[in-house]
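In the two complexes that follow, subunit A is the common piece, with subunit B as its partner first and subunit C second.
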Partner chain A sequence: MSENARLKFYCDEHRCISCDGCSVACAEAHELPANINRRKVITMNEGIFGLEYSLSIACMHCTDAPCEQVCPTDCFYIREDGIVLHDKDKCIGCAYCLYACPFGAPQFPADGAFGVKGVMDKCTMCAGGPEETNSHKERELYGQNRISEGKVPVCAAMCSTKALLVGDSAEISDIYRERVLSAGHGAKIQPYGWSTAYGSKI
Partner chain B sequence: MKSKYIIIALITLSSLAFGASDSAIWGDDLLKDILGYDKKGSLHLGQYFTILQSTYFKPLFFGVLFGIPAIFFIHYMIIGPMIFSHDRKRIYVFSVFNRMIHTIAGIAFILIIPTGLIMMFATTFGGGEFVRVSKEIHAISTLLFIVSIIPMFFMWLRWMIPSSDDIKWMMILGGYLNKRKDPIPAGRFNAGQKMWYWIATLGGFLMIGTGAAMYFQDFRLDILASNGISQIDFLRASAIVHNALGLVVLALFLTHVYMSVFAIKGAIHSIINGYKEEEEVEILHSSYYKELKEKGEV
Partner chain C sequence: MANTWGYGAMTNSLGDIQNAKAIIIFGANPAVNHPVGFQHFLKAKERNNAKIIVIDPVFTKTAAKADHYCQIRPGTDIPFMYGMLNLIFKNGWHDEKFIKDRVYGMEDIMEEAKKWTPQKVADVTGVPAAQLIQITTLYAKSNPGTLIWAMGLTQHSNGSSNTRLAPILQLALGNMGIEGGGTNILRGHDNVQGATDMACLSDTLPGYYGLSDGAWQYFAKSWGVDYDWLSGRFKSKEWMGKKGFTLARWWAGVLDGKDGNDQIHNAGTNLKNLFVMGNGITSIAQQAKVKEGLDNLDMIVLCDPFVNEAAILTDKQDDVFILPAATQFETSGSVTATNRSVQWRSKVVEPMYEAKTDHDIMFELAKRLGFYDEYTAGMKIKENKKDFTWPEDATDEIARIIKTIGLTGWTAKRIKKQTENWHMFDQISGRGYGEMKGEYYGLPWPAWTETHGGSPLLYNINRSVAEGGMGFRNRFGLEHDGHDLLAGAGSAPKGSIQKDGYPEITAENIEKVLGITLTADEKKRIGKNWKVDTSNIIAEKCMEQGIAPYGNAKARAKVWTFPDQIPMHREPLHSPRSDLVKEYPSFDDKENHFRVDTKYISKQTEKDWSKEFPINMVTGRLVNMNGAGMENRASKYLAALTPEMFCSIHPDLAGKHGIRDGSMMWIHSPEGTKIKVKAKYSFSVPEDRIFMPFHFAGHFQGEDLSHKYPKGTKPYAVGESANTVTNYGYDIVTQIPETKGGLCRIEYA
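So, the complex of A and B:
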């Protein structure tokens, strides 16, 4: 991992078979309540021959994380390696992060007052939260902290076709490029990658 | 016969279960919204919301919260309050019903505005339980607001229709820039009060609607879907409208408090006991005073 590495997810659309293994693995590993989907498999251009492909999406850990910009409690923080995390003790469950997110990543369990919505929950790239690493509280609030143990996030580790990649963004793009070159026919579709959530234009 | 009802009940219940599991945000619509991302046809509200919330709303609220009282402080120091004679007769202007409704609305505002500001400046309060409780109070006190603004809208509506007096009132800023006791052109309510009335009632309905949308979050409105507006964009629009209108409500609320408590000495008593000093009505609501005189009520 290089000095200023930023950890990113990338789902290889040529390999994803839409098996949902990643989201099941995520829900199991972090013991997520029902209706909380930190990770989800989506199918683009569904039913259009030759253009249909599937992707696994979760929090994209954006470089310009819009959720971090809009949070009224300032509960988000971006680690040096680019993982976007948040503090559930500060979060008030206002859902502004959800409004800012282009991917609908923030989730709200129905455990707030009157069962409407509680504090936000999202993908942590298996890096826990601000609590003491691998403490009981961290596990209860944010799920496993696999990054601290040098393990790959559970979704990517579990991916049967190795479509879901995670790691230093430069290395991920190298792997993807190599795959496209060795496939012989080039990329059938334009890679969907982006560098920032917003920022191209308004 | 009985089994038929059981089957109908089961079908109804199962449709409820399906309705609940099909989220308006994370369900099938999620894909559409990502597809709309950065492409033609998307409302781009996510980006607008991000820019407004991250850079503009907080400083604007800060400006209104401290700027307007600062202006009033200067006004109080330089021009000072209007003082009317308390020796003349008093005119009965607000009925018991008026005052009761106003009191409920007042309590609602006293609960809603500070809790809203606590959420806006949540970082200052450190977030967490205190702000979470404020958020719930903000939501629950809306019920008080709802029960007060509906009667308020109807009980004062006929005096709140704009008239030619309002333009003249605006031109001289209600006569608050000097201490001379010239008759000010205004009916039972002056242009400033009318402005506050419309913002508090019609604006209030909009605040309730957008606030409820954000509070309940995951629901479906057919009218939105049929117009191609996704739930998430509706929530973004709600947040933008709620904050922008909130600024106006805050500004006018501060003005309302200053006028009744400080700028016009003793004006607050009219909403407590229902009576206004005759001289106050004669000067500040001169058209209304003329009307009363013609009817022989003063």
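So, the complex of A and C:
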């Protein structure tokens, strides 16, 4: 990973089979309450041939994060490596970030009214929060901090078909480019000749 | 499979699928059932431009990734495959040389295929003729092509014919024994292949040795027990050789033919006790009968890490014992994967709380029943020890005894070394690097000797036997109807001393076939044939001469011991097409089929089932669950994905019955049973059929049985079992239940 690396998620819709391995791994690793979905798998046009696609969606850790721009208490901060995190002690649960987010990533506990109980929770790219790294409080509020241990975020680590990629955006785009370019490898590139058109028996 | 070419197992491997140019997935849903393995299919598409063709009654997650999808009517796989063969033979796309040298009986298939024109196939299967032609053309012209299947082909009353015609299709195209080809049957659960190899079956001893007297003699000797003591454990000697009951119909053994149930042949008595180890018997067809069976037992013992829902289903109040079994993380040993490869699994923690490992439970039971010494004797033989070490000595015992599928190379020491070095193998070919050079990952069986590197690709004659090559097995004699059954000239594996076909190796023919002379000492130590040669002389000598110990024969398209010598279409017992039932009737009823009289034609013609029950019903799996779903529904996060039992139904069909998305509906079966489930609108099923997952339990015919769970053991999700309404119907050879395609009637609840 280069010094200027910005960490990104990318989900390859040609590979995602909506197995939900990512979302279950996430919930299990961070011991999330049942109604908090840091990561979700969305399926479009289910059951229709040629049109059904699935994607795994969570916080996309935007470079120019709208949540950060609208937050009235300025609880968001963006790390040098591009991971967007927030401070739950500052969050007032107003849900402005949810309105701003194009991906519906911010989650709020459903067992209390907004602002009373529920401070926002979202994907941390397994990088914890502003508390002391790997402290008990960080674990309680934000879940595991795998990045500090040099591990891949748990969702991508668990992805059964390696549809969900995470890491240095330059490397991810290399991996995806390789997949796209190799598709079609071995395909017929020569023009149609006699045998193709009429069969070898004629 | 075994009856076609010798072994009933996946011929290639998941990694090898990346070498395919076309992939047919027939009645299987790997995206849901083998999500990690499915990456190889997707990579084949990316790297090899492979075309994926899915043939399934239901549009699955696998179909969503396919290039072509055929929505076939349940139970019409044979017409579809004959339709393909019809076009293949007509256009001369078949591999003539391959068929001539390596296949017996293809002429009969060619005759039958002539009847199945695309128009005829379209009428029976519901797949348009143009689509059949398009798919067949694509598949026949894209070599190599691999054929994948799972329960969608097997769980039919003629499933054993389905699983013969699929290999025949591959033989016709010469797709066998090559990289990227083969018949890749996907095994459903962890270690299913291993469990089958070790005979969790009622018709054979471990290693598919069968139940003949010779087999029992061999095992008595190899286990270090007295043959007479062994036969004395049976009611009489003749019962040693008889098949037992199966998982599908054990309950008939309890019900003893009373109240109109099928008659049994069990030495004049019925089954009284049931001992279940890690089997979700609530995911077996005909739950109402399973319940009746459970209720009439004297004693039920259930060993599982979670509460086996058989305990919830039964009304029995006394003598139901739930033993806490340890999980895979609390024990160690070898496990066999779908591609016949083995891995060592290490213990992570000691068994927690009161849990005991499966083998400890068995040992304690053997002690109480008074045969512990005999039970464990085999583990001490190799080194003549006083005591044994679990599981290493058990693994070595298996390696010492099981020659039929070539487990000689699977010593505990080798398996551990393989697993410890699993990063030193190529992911596609399985070949080892560096220290592991000369071995394939997981030593896929047959691994003929203690140094053999395994056979990743069955029936490949382009490799030497030492490198995993072999022809088809000589298993069905040397000739039939005057035809030679050995392989044709020049079709022996590479580097072989014999260039043509040859018989399986015995002490008698070894010198002649291998062109060697045995020493007097070797002659003294050698076993009668390769299957019982514990001296390993036959296997060792064969490796030196490049000979496969099991011979080099032709595969057969015709099985003369089966009710249908070549696969024939027969409508399911409960078919929506009564007109076709007359044309393609089921088998004659079969007496004493795994000890139970089993109905075929009499059930099929009892009445026109389609009048009262017009809708086809298919069951299958969900990605977040497996088997009976006991442990998955006990996981908060897995249960949250599908918290309720449901039925996928086309909005137009639902609309006709006034059923709205999310409302409850009744499903009635011809057996007189019913379930109440939630309707889920879905375009994955057409208007003439419904789909249901089979992982739920805890409700029965509309009644909630949740109060029966012992305190603190109720799973997060409970619901009706789809198998309460699966129909009567069992395969004619294997007795697997016909769950993929029965009939039902639906109504708004």
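Simple rule for what comes next: the second predicted complex is superposed on the first by the 172 of 202 C-alpha atoms of A that agree within 3 Å, B and C clash if a C-alpha of one lies under 4 Å from a C-alpha of the other, contacts with A are read in each partner's own complex, and residues count from 1 in each chain.
Following the convention adopted for this analysis, contacts are C-beta pairs under 8 Å (C-beta built on N, C-alpha and C of every residue); 3 or more make two chains touch, one makes a residue touch a chain.
Given the structure is predicted, the values throughout are model-derived calculations rather than measurements.
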First, second, both or neither for A:72, with subunit B first and subunit C second: first
Partner chain(s) touched by A:18 [first = subunit B, second = subunit C, both, neither]: second
First, second, both or neither for A:52, with subunit B first and subunit C second: second
Partner chain in contact with A:149 - subunit B first, subunit C second, else both or neither: neither
Which superposed partner A:162 touches (first subunit B, second subunit C, both, neither): second
Touched partner set for A:182, first subunit B, second subunit C, both or neither: second
Which of subunit B and subunit C A:28 touches, first, second, both or neither: second
First (subunit B), second (subunit C), both or neither touched by A:93: first
Dominant toucher of subunit A (residue count), subunit B or subunit C: B
In the complex with subunit A, residue positions of subunit B that touch it: 21, 23, 25-26, 30-31, 33-35, 37-38, 44, 46-51, 53-54, 58, 119-123, 126-128, 131-132, 135-136, 214-218, 232, 235-236, 239
Residue ranges of subunit C touching subunit A (in the complex, touch as defined): 21, 31-32, 35-36, 38-39, 42, 45-49, 59, 61-66, 69, 92, 623-624, 636-638, 640-641, 682-685
Subunit C-touching residues of subunit A, taken from the complex the two chains share: 14-15, 17-21, 23-24, 27-28, 34, 46-49, 52-54, 160-162, 179, 182-187, 201
In the complex, subunit A residues that touch subunit B: 35, 37, 40, 42-44, 57, 66, 69-70, 72-75, 87, 89-96, 98-104, 107-108, 113, 116-117, 119, 198, 200, 202
